[in-house]
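These are the structures in question, set out in turn.
Shared chain: chain A. Partners: chain B in the first complex, chain C in the second.
Then we have the complex of A and B:
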């Protein structure tokens, strides 16, 4: 019985849910367990799950970044715009990445040095950066990128694995090591728990936050370029609304929205749950909008469920204590 | 200067500067765009502002309690769509029934949000991010016939409602919708500045812990704020239907951004506990004036609207953080009379009392 104790943790619960979903999907469609379907399942949302890795750091740090989807769009649009102007493709890619660094630096500066709430800063960012993307491309769609770029996004690179998937796993391992095994990771947790305590213990809170937002912007920009490669074209509204799903992945993974707790393993499990759930619903012909609604329900339940569980156990314990006292009174 | 301090509070200074800024925008575009001062633009701006502003009333109440409601866009879309469908299937529904149905539907959705936040202890950001998706997919999955609401299915009075005018000053028409919004604003401004309920919302938002220890029913107050927010969003949905007529399932998508932007530009703090309805109204007008003017300004492409809106929000929040907060400290230090507080005197008086 004690060996099963870890199942009571959040990760244990997620693992059970994941297994249930996989078994259900596998039994309802024969194609589900094929390697190609499993890779497709990652490939369809690969940009979002890459961004979810850095979002984990941001939310553990008790901040939030609502602008990631817009930064993804903007980076892709800057790249496409310069490409259309006939610049060498390498320069375009670099400019796209640089856009992300800049966008992240603006967010980070406003949050850590001006001292504004990250929710409002990145809300303004998500409107503003999306607006800039529309300014660049208006309502055109730009495609016909170099052939190698499209191939990188759409074809497998090593064995059956495409580039983005390999990047994801490499980044996952790096994130895991930084968050759970390094001093920088400890700083992120400490600041998330109490930024005052962190400051008094000599942690440079401002610098850590600044760096996190810059990395967030850069990773989002990189994901935007991957998205451009996968889709083969860019529009002003590419990746609109992706932040909802990214945040869902992180919060469902057991990261508290108030910061200070969470693990990379939990986030990985919740990513797998969401991907498999979407894939299963897709195989059952449920449309994307309804899938988003189901994800929304999952998001609320992921916070509500543990709360209800806690009340039930508390009520049960109280009941038992009262029972116990009754028994003692009768005995005495 | 002393006089100024006596009669103005920092919030009012902020509102005055918004009016001043709006005046500047007005004058600038007046020289740039032909026929800018014509009544058409006035009518256009007022009827667009009315929707955003009404929804912003409820959102402000929620923001005051240090919560967010990100689902208002979806509530507006869903109520507009549902009432539109109701009216196209039963064209003989009484107008008042349709209006109440819209508000009732809004209240129901606000109640769900409020219960999740107040009783379920789900952080409002998470709860309303989730319900935003849920309400929107309810709308998409709406089973009734075709997916769109079309104007010519709607009864005549809906179309009349957006054409008629209550009264007009020259060519400047005041439509019923606009007048209704203004009345609501006055009522809610009075409520949050003089009524117990309103003052308590401020108390809960500015320091939830103190409010709880002081014995305020924080949970119930937050719940009521969310319910009112649902109601105004439902009303906004009705107005959206009246204004646009043709609706797709994507109706009012992203409106929550405009609404929160209006509140923030109008000086409502997202940390709760400060803001006024007049400021919100000014914020909504400012944003809409800018949007409508940029659409008509031929010098830059109208795709700049959103980029500038983002910058505007950022600038106004920064000004708030840097200047207004400092001013507020100065005000607090000098006391109401404009005199520096004499600590020695207070201590002497206290010792005398003892």
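Then we have the complex of A and C:
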């Protein structure tokens, strides 16, 4: 019984929700279990779930990175812009990635060394980087990338799995090991709980935050390039608004928005819930406002859930205490 | 902690297994109405000059996919498509699917991909994602689904069989310039454009066409001051219209080639009591514009019928999905009450075919009542 104790935790609840959704999907539409649909389910949102992995670190660290979607867009636009000017494609890809490293470094520097709030820094970043993407591409769309690049984004690489999906699972395992099995992961939690305690314990808080933001920018840029390959062309508004979906995934996964607590397992479950929910609704022809609304309700419940759970437990305990006293009175 | 990780890996393994080895049954046909037999072996009617007629009563799953929800013109197009569905006696219900009203254009991609998974017979798209829609549309084509665009095409034409063009884009420019001249009189005057978003392909093409037409001597007295964008949001368009008035005191006309923009600008001029000084024109919906025509804020505007556009789109998609139309140049077909049309090369794009619907209707005090209450 004790072994299954964690099932009563947030992750346990998410797992139950996930299983309910999967069973419902599988029984309501025959298309759900098809291989291609299971691949599409990930592939349609693959860039966002990759970014959600690093966002988990950032939020546990009690920071936030609102600029990820703009960095995705900017990295793709820089790549497309240079490609249009005839630079070798490898150079364009590298420049796209470096854009992310640089954007992340700017965010990290402002937060760690200048001491500004990450909410403000990355909000400004999201506006600035998006603006730059629009300046580069204006109203145009740039495509016709080399065929191998489009193929990598749109076709399976190994068996039925496209590159981006493989990348996601590899990064997931790396993120899992770093966050939950390494010293670096413990620093992330300790800083998230209290950066003062961390500092007095000899943790180099600034360096950890700096590294996290640089990695966040780099992963976002990489995701932006994957997105460019999947869509086959770039526009200035590509990935607009994706940061909110990424943060939704992380928060629904049980990561406290105030930092310090959370797990990769919870985030994975939350990702699977959102993807399966979207896919199931899509296959049942539920789109538009209703689909968005259901995801929104899920998020509200995820914020309320732990509180409601606590109230219920407290109410139950009170009830039992009263019952107990009542019984004793009767007996006496 | 270790147990959690192990459990997680087990869940992952199960999911991967599920993805790799689905029950055999799901691979088989899914017991939905049988696909209509496609007479693909028959020679295309294109060269013989024969007019293709639809055979009613075929069971076809068809998806009608506008840019987003909450825009009246798409509801009208939907009405037209439903009318055609009834006429063609398609027993399958038409699916009207769209991203949320403020969603990014790329939100159309999951809808197309899911429709492909469902194995529908035809998808009718008003494209809101430029060429980024092309890979998903191409995947649908590869799965044997008829893909038709309407209202807004795929720029590269990749993944699209034919585009149902509402009007000739060049004609739009001329119609707008003519209305401006008509409202401002022979002496002309200064005017500004209130458009949708800077990325809106249709509006950009129409404005470009109008700028070209303005070069002609006939329009020499018209001066275009500025182009601003209200992003097809009522409030934003309203603010932009008022900002134009502040910025250009000698402006006499706002030309809005978008139904949201023209209604918002008319409302702004009406509420601020500016209708005597600044008129509004452009492309609008009769039902939304009737009161502004009558009180003189928007004396004249133009539009094509979105209902007809939906109707024609449904006919073409039905014919392509049954295989009666091949989707090649110079094929002719009959589209119910709208008569005979021909598939032609699209002169506005490098690649791609189109069916040109046309023409424009200009609305003013003389015919607005008839248009609103037929």
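By our rule, the second predicted complex is superposed on the first by the 313 of 332 C-alpha atoms of A that agree within 3 Å, B and C clash if a C-alpha of one lies under 4 Å from a C-alpha of the other, contacts with A are read in each partner's own complex, and residues count from 1 in each chain.
One rule holds in what follows: a contact is a pair of C-beta atoms (placed from the backbone, for glycine too) under 8 Å apart; a residue touches a chain by one contact, two chains touch by 3 or more.
Remember, it's a predicted structure, so these values are computed and weren't measured experimentally.
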Combined model on chain A where chain B meets chain C, clash or fit: clash
Which of chain B and chain C A:31 touches, first, second, both or neither: second
Partner chain in contact with A:154 - chain B first, chain C second, else both or neither: second
Which superposed partner A:125 touches (first chain B, second chain C, both, neither): first
First (chain B), second (chain C), both or neither touched by A:272: second
Contacts of A:135 with chain B and chain C, given as first, second, both or neither: first
Which of chain B and chain C A:164 touches, first, second, both or neither: neither
Which superposed partner A:287 touches (first chain B, second chain C, both, neither): both
Which of chain B and chain C A:64 touches, first, second, both or neither: first
First, second, both or neither for A:225, with chain B first and chain C second: neither
Doubly contacted chain A residues - partners chain C and chain B: 236, 287, 289, 292
Interface residues, chain B side, partner chain A - complex: 68, 116, 120-123, 125-127, 129-134, 136-138, 140-141, 249, 257, 260-261, 264, 270-271, 301, 303-311, 313-314, 317-318, 321-322
Chain C to chain A touching residues, read off their complex: 1, 3-5, 7-8, 11-12, 15, 18-20, 22-23, 25-27, 30-31, 68-69, 95, 97-101, 103-106, 109-111, 113-114, 117-119, 130-132, 134-135, 139, 155-156, 198-199, 204
Chain B contact footprint on chain A (complex, rising order): 64, 110, 114-117, 119-121, 123-132, 134-135, 138, 236, 244, 247-248, 251, 257-258, 287, 289-290, 292-297, 299-300, 303-304, 307-308
Residues of chain A defined as touching chain C within the complex: 3, 6, 11, 15, 29-31, 33-40, 44, 139, 141, 143, 150, 153-154, 159-160, 169, 176, 180-181, 230-233, 235-238, 240-241, 263-265, 268, 272, 278-279, 282-283, 285, 287-289, 291-292
